[in-house]
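Following are the structures in question.
You will see two complexes here that share chain A, one where it goes with chain B and one where it goes with chain C.
This part shows the complex of A and B:
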């Protein structure tokens, strides 16, 4: 039995039945989108991933960046040094990093939330306040550092007069304990503005009807904060805590400006140690060892930040479901 | 619409590529000799130190006048640390400069010199990056000590421009007011400090803020030079320590640290936090509140500039009660090196010869406040007048403080060695315990 031939009419009707799916983006838009993404990816690979891989490779060498010198592969010698000949400085810097990171993360987040609470409104003063809290970030590390050095100058700085009223006299940035405390304070001061803006965004996303319902039920300010505001700010808390945590782990530039970056007075974090060893507080540079320290810093950041992120995301899911 | 968006994207990409190409091409400026008929360019690199830059510019202008066919280009970096290290590395890598300057010591070399324990200038000098200056006529103008500091295996690779000295700057007016004489022994010095204190005058001033305990060198260098160096069996304390013929636990060093603590007790309160820049003007010494400043003579010109009415004198910080043992510390400073692959070596050597002529060299010394490294000369700059009979004299710090090997323990690294000194001075560690810790971390040369 022969098969009936397909006529032109059948083919046209078939095409009409097999309608094309609707397009969300035009062809031009797709080209622009993929082109932009590709450009961003290339830049990220060139200036992010590439140097990171290079850093890991350098950590297995004795590279000093010294002109006319040859570089040798030394295997795990740099990593071994951290736990042997350089162990004192390495362990101390871990302790300093933990203290610094914990204090900055908690302090910056708490201050950011407090300021956000006060500056979330639509009044002119709230707008001015939001501008002012962001100024320290815009000033940059060098200006911020130099200003606070002048403030904490033991000879003629205003901090000397202020603390003198309470009978407290200190070398401030030249004193154990004080130096790390001041560095933590300045780090929080400079970055609290960013945390504030993130929390303001979170506060504004909260449905006002929830507060109205709470008011009708007669709940007070503190319960409102605990039962409504804080749980609904979970995504903002996650963002702020993670940014403050990772930022604090990797900070070295502010410490360098404030204290000169040396190993005295207890301000040498892992990031500062990597800088000092890589680029030489001495005449010699040791980029290979400095690179190894940055790899250790990366691992430490990952080890600490990953469970914190898992916990905070889990908390978000619990609170917002 | 389609054409406009594509054109826009293409245009943006083209602009980005062109900008990147322009940025990449700007770093490779050529300094090859050339230009007009028979003219050449001499390139010198250094870091910014205002009096030194002033001096170089004067010298370059006079050199060009005396050598019409040579144009001098002076390239500077913001400071001697990171920015200049990078500039020097680039110059040595590419041969893009003819003369580089450096103030890190060339000699003494570590016992077994290698890439891992040499400073950059030591590595370059021992590996052929510098042209040997041996045989050049202008070397005879310099002292044997100055030449030795730049010599390796019988060849001289650098030209030392001068030395700075460490000691005590004192306010002559305050001394005159309280009828005080310049002390020559330790006991006289402590008595003088007590007298000043009794009159409500701050005896001593120094500032460690931003640099850390390394600036205690103005105390511990002098203590070691006055009390320990005279007893060194080989006459060179640094060498004796490196080879183990002297130990850090030597009683002379323990005594030195004990006396350091006493001397430091007369410093201003909270000196560890006062910015080090105040020593170059703006601090208690230049404002007339402190009678003496522990410092290096590189700050003398700046102090004079900050307060021209201040009458400054100089003497070595005495830690010994044998007056003859008390000497200032001499620290070789800026040296010139001609790159072995420089494009204009002939002009570089001409410039160094010109620099070494008595009138030009005196001009350099008077402008910078550096102490002379030449065998003779008349110097009437402020620093020379203030330093007086001690000008250019003293114990070479490189013959006293040994090179710290990276393989030493944590307390005997260049960056951390001063930390124990601060602990002793602050009373947190006894001198004997500090000496024991230094010795425990020390590795002698095999």
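This part shows the complex of A and C:
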């Protein structure tokens, strides 16, 4: 680390360029700072970035993990076969992912906003509501999945009795038309509490004097919501949409618990397909293909999430101006 | 005074929450108190409540030890993840290192990383992290780090930098400054980061299968799964296991939720 207080090309933007506080740190403190940073980055590189690079490498081979099989470099063959031989599964899972991600992102954000709007207060009922909405997150995917499997059990479950009232009978999680809808519903159910929490934080950060000013100007509930609350919630909307989007894109564990991977019931998202090819039902044949799907998933997440993030950040700047 | 439409919509949301969030949980609790025969004959009604499911579930699977093990994995990995997140976030937020912005972007990419189980498995084997407690914890530290860094950079940035300067001029060491001054002030962000990392361990369903081989190391989610068969006569046991496992986790969240609410309230009172 150089002693120069400010270096050009450095990312010090916006703020006044004053001496870096780092020079105030003692020598030993600087060493601990660098040591801590290095340790944390090593963990991140070894177990985050490293495995992803490993995936990229494996995706160019026909690696199988069978002891007697030799591994060959196959170039882009695994990527090519995504679009050719195994195309039905791949295309189908892209469609499933798009439907799943859109529905979950919109549903989770909308439900979170509605619940946060009602549960932001200090009353006892609001506190109870916040707790109830948060319980599914604490329960975790395994418990949540098992509870909804019991509810949607075709023989004994309450959903069977409920839909039976309308003369609707189905195998639910074992039925083509139903499974994806149920999986979307349960994913929203499980994560709505997180969105609620983020929105409540956002609502509480709004300066109450703005509402008072609005009340003095005599604006109604709807206008207040549209002109004050919603614009000022923009950062919370960004956080929520991004977390729901990335979560929905890469998820596989809840789907795995609910439908067992579900290629036959239309619940095989890209995340699930990557899991199935690397570890689940299709694993033995070619791990290189599974790795290629994982790389494709990563690229697609970035390709979809980056413009959404840029748009939402721009929206924040527009609304908070 | 509460205006009428407000009350009506409040009650409507109350009913929505009760139906949507309370009913499914209550159903699982009800099942856990039902005798298997009654459940098979009339699944939708509560018969004479029995306690036998809990005893059976407890003894048939190793729920007790598994629960303790899971808490160990999740809490230690969550703490490590949060602490390492702060060690990255503070220098970035204060621009103590060159290329802070690039480093931030580099960490941000981590939010999008999908699970790479095959390389991770290979790494675990070669680094002797496969099938042992410490290894399992170490392998679960990274997933929580990117979000921890995002949250903590945002939170540290709101603290005035004058604090650092005063403390350091008076000779406070880096770590004790972080621990005594920064940690108390960014507690809400730390708590969210910790809970997020903890949930990552709790929700991991492939880790136990891919990174552990002896069942004596399995977390409790594996134990609960043993009750999930095609035979629905076992479901009262499954429900009992679900209730047993959920109680401590829900208790932890109730305890933390108080903190979270207080924290976010305190955070909103700024001039």
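What we mean here is this: the second predicted complex is superposed on the first by the 280 of 321 C-alpha atoms of A that agree within 3 Å, B and C clash if a C-alpha of one lies under 4 Å from a C-alpha of the other, contacts with A are read in each partner's own complex, and residues count from 1 in each chain.
In the analysis below, contacts are C-beta pairs under 8 Å (C-beta built on N, C-alpha and C of every residue); 3 or more make two chains touch, one makes a residue touch a chain.
Everything numeric here is computed off the predicted structure, so don't read it as measured data.
Number of chain A residues touched is higher for C, counting chain B against chain C.
Shared-chain residue A:305: touches chain C; no touch with chain B.
Of the two partner chains placed around the shared chain by superposition, chain C is the only one that A:24 touches, whereas chain B remains out of contact.
Of the two partner chains placed by superposition, chain B and chain C are both touched by A:155. Looking at the shared chain after the overlay, A:279 reaches both chain B and chain C. Contacts of A:32 after superposition on the shared chain: both chain B and chain C are touched. For the contact definition in use here, the residues of chain A common to its chain B contact set and its chain C contact set are 28, 32, 65, 149, 153, 155, 279. Note for the complex: chain C touches chain A at residues 9-10, 13-14, 17-18, 20-22, 24-25, 27-28, 31, 39-40, 43-44, 84-85, 87-88, 91, 94-102, 107, 109-120, 122-123, 138-139, 141-143, 145-146, 161, 164-165, 168-169, 171, 173-175, 199, 202-206, 209-210, 221, 224-225, 228, 232, 235, 238-239, 242, 245-246, 249-250, 252-254, 257, 260-261, 264-265, 267-268.
Against chain B, in their complex, chain A makes its touches with residues 28, 31-32, 35, 62, 64-70, 85-89, 149, 152-155, 169-175, 259-260, 262-265, 276, 279-286. Residues 1-2, 7, 10-12, 20-22, 24-26, 28-30, 32-33, 36-37, 39-41, 43-44, 46-55, 58, 63, 65, 114-115, 118, 125, 127, 129-143, 146-151, 153, 155-158, 161, 189, 197, 200-201, 204-205, 242, 246, 250, 252-253, 256-257, 271, 274-275, 278-279, 287, 290-291, 294, 297-298, 301-302, 305 of chain A touch chain C in their complex. Residues of chain B touching chain A in their complex: 1-2, 5-6, 9, 82, 85, 88-90, 92-93, 104, 115-120, 123-124, 127-129, 208-214, 268-275, 278, 283-284, 406-407, 409-410, 413-416, 419, 422.
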